[in-house]
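One structure, as structure tokens, below. Some questions next.
As written, the chains take the letters A, B, C, D, E and F, and residue 1 is the first residue of each chain.
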């Protein structure tokens, strides 16, 4: 019977068949255009593929009354190289995830509870695709397009977003325009916003210039 | 002021700038290696990007006491070409989504409620990555690897899976082996299962041969 | 000598070896996630691969004092499936190509003449990468990030942009926010702009709501 | 004449034009989602691109009377980053390469000598695509689908498989189910196999649990 | 027991789960950048995945004393969209597959019998990677690089090439330069070949101009 | 007002959201199939995204009376991982960029001034696509195909090429055949050029063998 026990090492003439089923990120290692260097397989455990951080309610005591908790590669190294990631969106009543884009990923939103009005804007015609979603609905936001989500109900809402990249990126419009040192005159000139409006939002969001 | 109203058509010398922000599937149209032909943009509405089918509980009155409701391109044409899709997994107590693979996608599972034991098997070492997940946990199942999910609690469980392909595929092991006309002797020879076992499962699952 | 003349048809046992060196778009044909259906090779001519539209100065007599002339697949069907396209940017003195993104492509800008101040905003840190470019300089704008270009000199300026997609998309921020029917209250809520500011720009850009 | 000898360094104003024609794996270097770090080009020799291991008959004195010799990136570092690899399949009379998948690659099989019955199972309909191949035949096995090969003749058979990935992976169904520590009760529950059958194959294949 | 027979249609709430395990080319259908439109799955048979044309010896009675038999998508529609294809190379004594490139694929060559000298030329340094291969050897030729194969023995030789594209393309240098209507003066100017040499080869290969 | 200033760190529960907007090459770091390891983001400056080398006229005092100045990843590390690069082509009267290929990229050429005759050769039919381009014209050269450019006017000409890869490669036919140690007899046998012609060009271009 012993010859049977080892049939696998026998059928494979090669001593070891390397697979790259996964490539858990070594966040201390080099970063490349395809992602982080892989942790050694011998050090990988089931915990690398599980993330519990999305089970914790985000703190919505802030100006937007919403919170985004990300499970991107930096928080969740197991998705490195696997082309997927996720985030949790908490909305207090009146909460809003403001206008933003994910430069590197399409988003699929699932409403766990509550009612959420969501929309994205097409680049070809500026058409707005807008819907109010209910518990259990999903909505897709194509890669790179401006979109937003608002709590449309009177109670808290919760949604889970998934992305087809471990590093989808998140460019929040207000932060991009007003939370840095881009000179206000340049913002005015490139956005047609009034100078006073720009200065006001710069002040609110901690920008300078 | 009129000269301002039309600045966009003026800045763009070209009459129209085609974008391919999305390509909602025309399921009656041709299918290609990259997906279905696109519906005309003028016929696209917000409803194309929203799917409510995952809000409906699947019927778990079956042998596995579980139900899988898919939001792949065929049910949800809006994801065509966008590299993402989803599914809903309902588990009665004792329910199981049996051993299966998605040949074309990585899966990310989010537990909406209940406790689910899930695992996948690495191809390089046959190592099993096994965890019991709780509400709010996510787990990733790398593309093409055998995996499964089981209700680990005494109450119903619900999970949402997302995939990084609009057509992830779903190859359920038992169906692949026993629910077709692959001759039982071939199944025996290629799986090392006993002939009687093969015949029994063929009978159960409606296979022949 | 005759046996030599035909060596090619002899070395190739197959009658014809199909290549897909190119796939000139049949703009009347189906559109798919990978692009347009191909024109028949027998109808392809050298003219399909050449586009002269970028040799014509754009009309900058408009509110932004700039003009964008595109050579995307719709204007230039020869680039279909080839992963590249181009555009011409004309700037009158004071001209600006306002804040925008290309959802599906990285841009590389080449300054033909004049001085242009250009910048993009990183999504991770909101850092601004800003430079004034001179004749002969090139600058790269990573995919999906907000960026802009301004004439920094007192004379007209000309630049050629190339993109690594035949359908890069072009989402101009002002048009996306103000030139459609997205309700002003929603714009206010998702951008933190004052309601009056939103209404003013809606009016300017032809938006409603 | 001297000015001619150096025309190349003259036409190229840049001192060196880096190409990445290849990226021979440094197996001691980091592994990333796109493959291994490259060996320095100055250390690359023709031998890096040639592999002689597939010229050696595999040892079929084992339970499956077959042998698989791989030329994946680990054995053949020259294919790193090049999107291709190969393997040799030896079959004694009665030999079988059991049911398996390649999670990351399509396989193309070429029969060098002998007769081989091969098949794969579609994920959409469980349809079996089954054929007996003769010397010179090729057959394609789409990525991620269960497939197998059996010696259909009375003499040894030899086939060469090529894959469109340097790391195709190889998940042998029996090993995945029975050669690890996945608890037998879980195997039973997720596969519908009888518990006794599971225990028997666990014993045969060296699994525990 | 009946409730068991139908467990699959029950676990899947959706009536049908579309997969795109394969996309056998409908050669009469549209061609797109990702390949041909798919044949309907109901019309697909096992024969679509098998090709016997490589089992037939090519006719080497020609100027190069070699023959190339292709199994690209046009001959072998089953590989459409699957990222792989193959070819058979027959060499009489003295036979040569002349200098050529595959614009869209890496090639992996397997020597079935005979001795073959093969080489490719790097684009960065013009370095030649040259080896004489024996039965069972494999060699890889990176995408797009000039390469060739010569019978290095006194007997016929046979090799099988596989490619990581269903449409690898084949640009034979001599045909590209001399078998068309590219004016001889242009060939001379762009290749530094003597005009007489160009005219001689134009005559040999059926070119004009 | 303070609670507003920090809304961003509040909405994002995660301390830092990593993006991979770009990956400026660390040319001293490892090279992988997807490109070079990234420079740390904290060390990235606007200058990394700008390259001024294409503003400098190349020296055309050479045998081809032309000069190619590259802005590939090695000269311009900012394009690493971004899928784009560029080059400058200077032509003296009579200048020619000889027959060559880019193994890894499609090229798009823009004529800044002068008249340039350019062409490429299809691999399927050896058809030549030839045009004389004027100031402002663009032409596309599909990946991997032989092509060339010639000054068609009596004055200097200037063109800018862009490529859809940061490492397009550049295989100049004459250098590949004659500027290395590939034995002249092998060149003769694989190209049908006369032995004397080969020796002559080997001598001219510094080749041996």
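Quick note on the criterion: a contact is a pair of C-beta atoms (placed from the backbone, for glycine too) under 8 Å apart; a residue touches a chain by one contact, two chains touch by 3 or more.
Computed from a prediction, not measured in an experiment: that's the story for all the values here.
Participant: In how few steps can one go from chain C to chain D if every step must land on a touching chain?
Facilitator: Shortest path length, in steps: 2.
Participant: Taking all residue numbers at the chain B/chain E interface, are over half used by both copies (same) or under half (different)?
Facilitator: Different; most numbers are used by only one of chain B and chain E.
Participant: Counting only Cα atoms for the centres, state how far chain C is from chain F in Å.
Facilitator: The mean C-alpha positions of chain C and chain F differ by 20 Å.
Participant: Any idea how many Å lie between the Cα centroids of chain C and chain E?
Facilitator: From the centre of chain C to the centre of chain E is 35 Å.
Participant: If you average the CA atoms of chain A and of chain C, how far apart do the two points sit, in angstrom?
Facilitator: 26
Participant: Send over the residues of chain A in touch with two or more other chains.
Facilitator: Answer for chain A, listing residues that touch two or more other chains: 16-19, 21, 30, 32-35, 56, 88, 103-104, 119, 123-124, 130, 142-143, 145, 169-170, 175, 179, 204-205.
Participant: Which pairs of chains touch each other in this structure?
Facilitator: Pairs of chains that touch one another: A-B, A-C, A-D, A-F, B-C, B-D, B-E, C-E, C-F, D-E, D-F, E-F.
Participant: Given the complex with chain B, which residues does chain D contribute to the contact?
Facilitator: Residue positions touching the partner: 96, 98-99, 101-104, 117, 119, 121, 123-124, 126-128, 130, 142-146, 148, 150, 169-171, 173-177, 179-182, 186, 189-194, 197, 200-201, 204-205.
Participant: Which part of chain F faces chain A closely enough to touch in the complex?
Facilitator: 1, 3-8, 10-14, 16-21, 23, 29-30, 32-38, 80-81
Participant: Using the touch definition from the top, list the residues of chain F that touch chain D in their complex.
Facilitator: Per the stated touch rule, the residues are 30-35, 56, 58-59, 61-64, 66-70, 72-75, 88, 97, 103-104, 167, 169-170, 172, 175, 179, 204-206.
Participant: Show me the residue ranges of chain E that touch chain D in the complex, using the header's touch definition.
Facilitator: Touch list, chain E to chain D: 16-19, 21-22, 41, 44-47, 49-52, 54-56, 71, 76, 78-79, 82-86, 88, 106-108, 110, 112, 119-120, 122-125, 129-131, 133-143, 145, 160, 162-164.
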